[in-house]
Amino acid sequence: MEFEDLYQEIILDHYRKPRNICEGDDTGHICVKHENPLCGDELSLHMKMNRNDTIKDICYRARGCSISISSASIMTEAVKGLKKNEAMELIETVRRMMHGEVVGDGLGDIEALQGVAKFPVRVKCALLAWMALKDALQSPYRQR
Amino acid sequence: MEFEDLYQEIILDHYRKPRNICEGDDTGHICVKHENPLCGDELSLHMKMNRNDTIKDICYRARGCSISISSASIMTEAVKGLKKNEAMELIETVRRMMHGEVVGDGLGDIEALQGVAKFPVRVKCALLAWMALKDALQSPYRQR
Amino acid sequence: MTENLVNRKEARIKYLDQDKISRDFPILKRKVKGRRLVYLDSAATSQKPRQVIQKISEYYERYNANPHRGIHTLSGESTEAYEGARTRLARFLNAPANGVVFTKNCTEAINLVAYSWARRRLVDGDEILCTVMDHHSNIVPWQMVAADTGVKLRYVPVTDEGDLDLSKLDELVTGKTRLVAVTGASNVLGTITQLESLIESARAVGALVLVDGAQLVPHVPVDFKAMGADFLAIAGHKMLGPTGIGALVARPELLEEMEPFLGGGGMILDLTLEGSKWIEPPWKFEAGTPVVAEAIGLRAAVDYLDEIGMEAIRQHEKKLVNYALREFAKIEDFHLYGELGPERHTATFSFNIGDSRGGIIHPHDVGTYFDSLGLAIRAGHHCAKPLMRRFKVVSMSRASCYLYNSESDIDKLVDAIHKARKFFTGV
Amino acid sequence: MTENLVNRKEARIKYLDQDKISRDFPILKRKVKGRRLVYLDSAATSQKPRQVIQKISEYYERYNANPHRGIHTLSGESTEAYEGARTRLARFLNAPANGVVFTKNCTEAINLVAYSWARRRLVDGDEILCTVMDHHSNIVPWQMVAADTGVKLRYVPVTDEGDLDLSKLDELVTGKTRLVAVTGASNVLGTITQLESLIESARAVGALVLVDGAQLVPHVPVDFKAMGADFLAIAGHKMLGPTGIGALVARPELLEEMEPFLGGGGMILDLTLEGSKWIEPPWKFEAGTPVVAEAIGLRAAVDYLDEIGMEAIRQHEKKLVNYALREFAKIEDFHLYGELGPERHTATFSFNIGDSRGGIIHPHDVGTYFDSLGLAIRAGHHCAKPLMRRFKVVSMSRASCYLYNSESDIDKLVDAIHKARKFFTGV
């Protein structure tokens, strides 16, 4: 468990200056809320899809630790503009990365999440935003 | 805990040749049964009192270990002819002896029970007959 | 005879390195009453190899911490070790790790099922089938359930040879039977029970099966999945592990459906003043600070057993049974209870010594006398009063062996039997 | 000021020999992330002195045996040691030895009362009074009783200062109240509760009182008889004892009247196929093989605590509280929960560090960061969700001290707080 692997500069940067925080109220067509009662992390994700199944807009509100917040920030940046199936693939890659099954190369800021895999107690934090995204993508309202 | 203190020759002698085993059926006016379900010791005591409150006759039937049987044998020999209050005093002396509170000197065969005090698990065995006697002496039918 | 030949052959290959094993158990160097201890009370609790004792000290000296959700290094290490012990035990028994609940002893494991399953599911008219051979710990919990719910208990009888009498099993296992609670091996007779038939009968009527594995798992290779039981209760301290540890092994689906038993910290997903949500099993059943050092010690015990091999241990015990039965047969006025032979016998022997007047020498006398010779045996009802009544005795003497006992210990036992009779009866 | 002067004076006389104490705890030599461990998680579980670790090894190496009614030497010794531990603990708490039941942790002790007393005695309409400050282990068992019996739970609220709010006690403790279940000290705030008032109120309406002593007994001299509670639950592993041990201390008359909890071997006077008779308490409540090594370890812990003296330990902790409160007060944007001052405070501190944007740095981040500096603290809800809600947070960071912590550990803590803020917020 290496501390520096967890709190990489990129992570801290996203945590200190989180991207894509929702502004205003009705911020998206699809809205999903996830929480982890054990650690108190809470995240609501708002998303708009284009007709051609690509993610048009995505933002979130969160309460949580640096890992869950930066992961949400990184995630929203990474998936904007992706097609649904591309996003689903990415979610799976990140999930496997968190469980130490693959190494995330060439994934930009996402790579910085790699270190979390060595901190089993923090994996859930890192995955919170991604699991919310998965839910959102599978939501029946997706095509609206 | 010294083995030889427990199994003194006198004890073994009473165990091998127990005295005052009841014969026949209706063997006394007072009849008390005591058992110790933990180790399976079982003893029934039959006793006749004289009008002047002395123990006229006493016998027992028992199933148990060498300690409980020899203690019953020793007890019946010791108390025959004693007055009620003398017997009660003796019971108390033996009880205190078993708990290491007094040393039983000049008590004849009873002294041989002294060693039991060092074996806390066996104290109940040694006291079985004496507690039965106490019950018998306190029984309301005593004067018959 | 062929069997014997085969055994002899295997001996050369499989039998245990007794010298090494006795060196591993520090207590076996102990002198009792001036003599080298001969420990024949493993059915009560086993001795512990230094490998186990050291792991426990190491835990306290290096990484003791409360495992629950701690994020500091020590807590991470202790969580890993504690959960690693669970996984290891599961592998040892071929059981799913999320079906392993740690308890403080085997009795608690059985009570967990009595409280969380039986009390919640069974009603007046339902039946639980126990056996006359079972330990109080696998009878009393069901009697308590019966008293509270009106469930009826029935008992499989025991034959003169010390076997479960399954001749009337059809009448005992019926549509009313909801649970069969049976020991895998008797702590008194050493009998290894007919689990296969019992589990098959229970399955046929849709009853669940709880196997009390306290005396089985230490001595016989056990495969939980292959066995087909729903619950298996074990006693860690009887299989070289420390005191304060047992486990309930269960099909995870069953645990999932069950209400929790002990309520408290560590089993809560969310709690408000109005009520609580539980986390998933097995943790749902482990309220409070877990038995961490104990689980770590048990893991070391399992490692030790596995290194020697449960098959080899079983083989060794069969050899002891063979030898002991042969030697016991030579003793006059000697009553051995349970005579099923090595294939159905763990190396646990209960007996009474005749006093040559038609009675017996009281087991407490036998026990104390044996102790004076350095032999540790148990005497009494062995928490199996129904079985005592079955054999019309109040108590028995019991000598129970484990991997660290050898044929020479049996020789000492036999010698002590002769001496005891002479001492107490004078002949 | 006068108070401070007095404290200073006492320092010279009573304060602990910190060097000797730290030498006694092998784990404190441990390096974490390259730095000497600073253990600030004793409220979760305490560390163990070598005196305790050695007694446990010695038990396994010299006289391990099942204590129940054994008549061989080892069993006699283990019985004596196990029962000796009971007597010793009773003396430590000024409680009757036959009122001490050993359990595997504090949670089991509380559940014992919930199952054997509350479930059997309370009915719909009765009330149990808990507090918002209590640990889940002293809430969930009563919630489970409530769900099964219809008993109603009520809760003593908590003030902003972290005290139990007794202003409306008259309305909370009424003729319907049958049990007051309250912690002696908060595992989060460090608050030492107003037991005297609570017990008095309960007495006035004939309700029983259970004190959760998990966080009280390790830190404050406790006299069970003088306290006047009916039940006191304790956690051996939080007072220098091993894992796997707790105890219920109770008035023996109450134990006498209660039904057993776990059924099994060791608590049976007689058993037939139809039912059972129990032996007397406390053994009636200790079914199965007891937690022997654990009780022996706890005894060594109690010896250790007594040698130092609980008064001296309390004094030491007051000094730490004084010092810590003074240092914490200097930190900006820092939220300490519970501010009752040293007389009502154990050396347990829960806090949150502001992130200078109006939020807080998540305790899990704080915990992980502190760990990188060698400081072991706990982060989360501390099994006290109602209390978290009361303070409108989801989690807190907690640093909890014990006799082996010194003012320099507080300095390191304060330093780490500053560093953490800088690290996470960049300012």
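Every chain is named by a letter (A, B, C and D) in the order it is written, and numbering of its residues begins at 1.
Assume a residue touches a chain if its C-beta (ideal position, glycine included) is under 8 Å from a C-beta of that chain, and two chains touch if they have at least 3 such contacts.
Predicted, not measured: the structure shown is a model, and the values here were computed from it.
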So the chain most remote from chain C by C-alpha centre is A
Averaging only over C-alpha atoms, locate the centres of chain A and chain B and give their separation in whole Å. 83
Expressed in whole Å, how far the mean CA point of chain A lies from that of chain D is 39
Using CA atom averages as chain centres, what separation in Å is found between chain B and chain D? 50
Which parts of chain D, given as residue numbers and ranges, touch two or more other chains? 33, 69, 71, 73, 270, 364, 368, 371, 380
Residue ranges of chain A touching at least 2 other chains are 38-39, 121-122
Among the chains present, which pairs are found to touch? A-C, A-D, B-C, B-D, C-D
Residues of chain B touching chain C in the complex: 3, 6-7, 12, 15-16, 38-40, 42, 63-67, 119, 121-122, 125
What does chain C use to touch chain B in their complex? 33, 361-362, 364-365, 368-369, 371-372, 380-381, 388, 393-395, 423-426
Show which residues of chain C lie in contact with chain D when the two form their complex. 26-27, 30, 32-33, 37, 39, 41, 44-45, 47-48, 50, 52-53, 56-57, 60-66, 68-75, 103-108, 110-111, 114-115, 132, 135-141, 143-144, 147, 153, 155, 235, 237, 242-246, 260-268, 270-273, 275-276, 287-294, 364, 367-368, 370-371, 375-380, 383, 385-386, 389
Chain B - residues contacting chain D, complex: 1, 37-38, 120-122
Under the touch definition given earlier, write down the residues of chain C that touch chain A in their complex. 69, 71, 73, 76, 269-270, 277
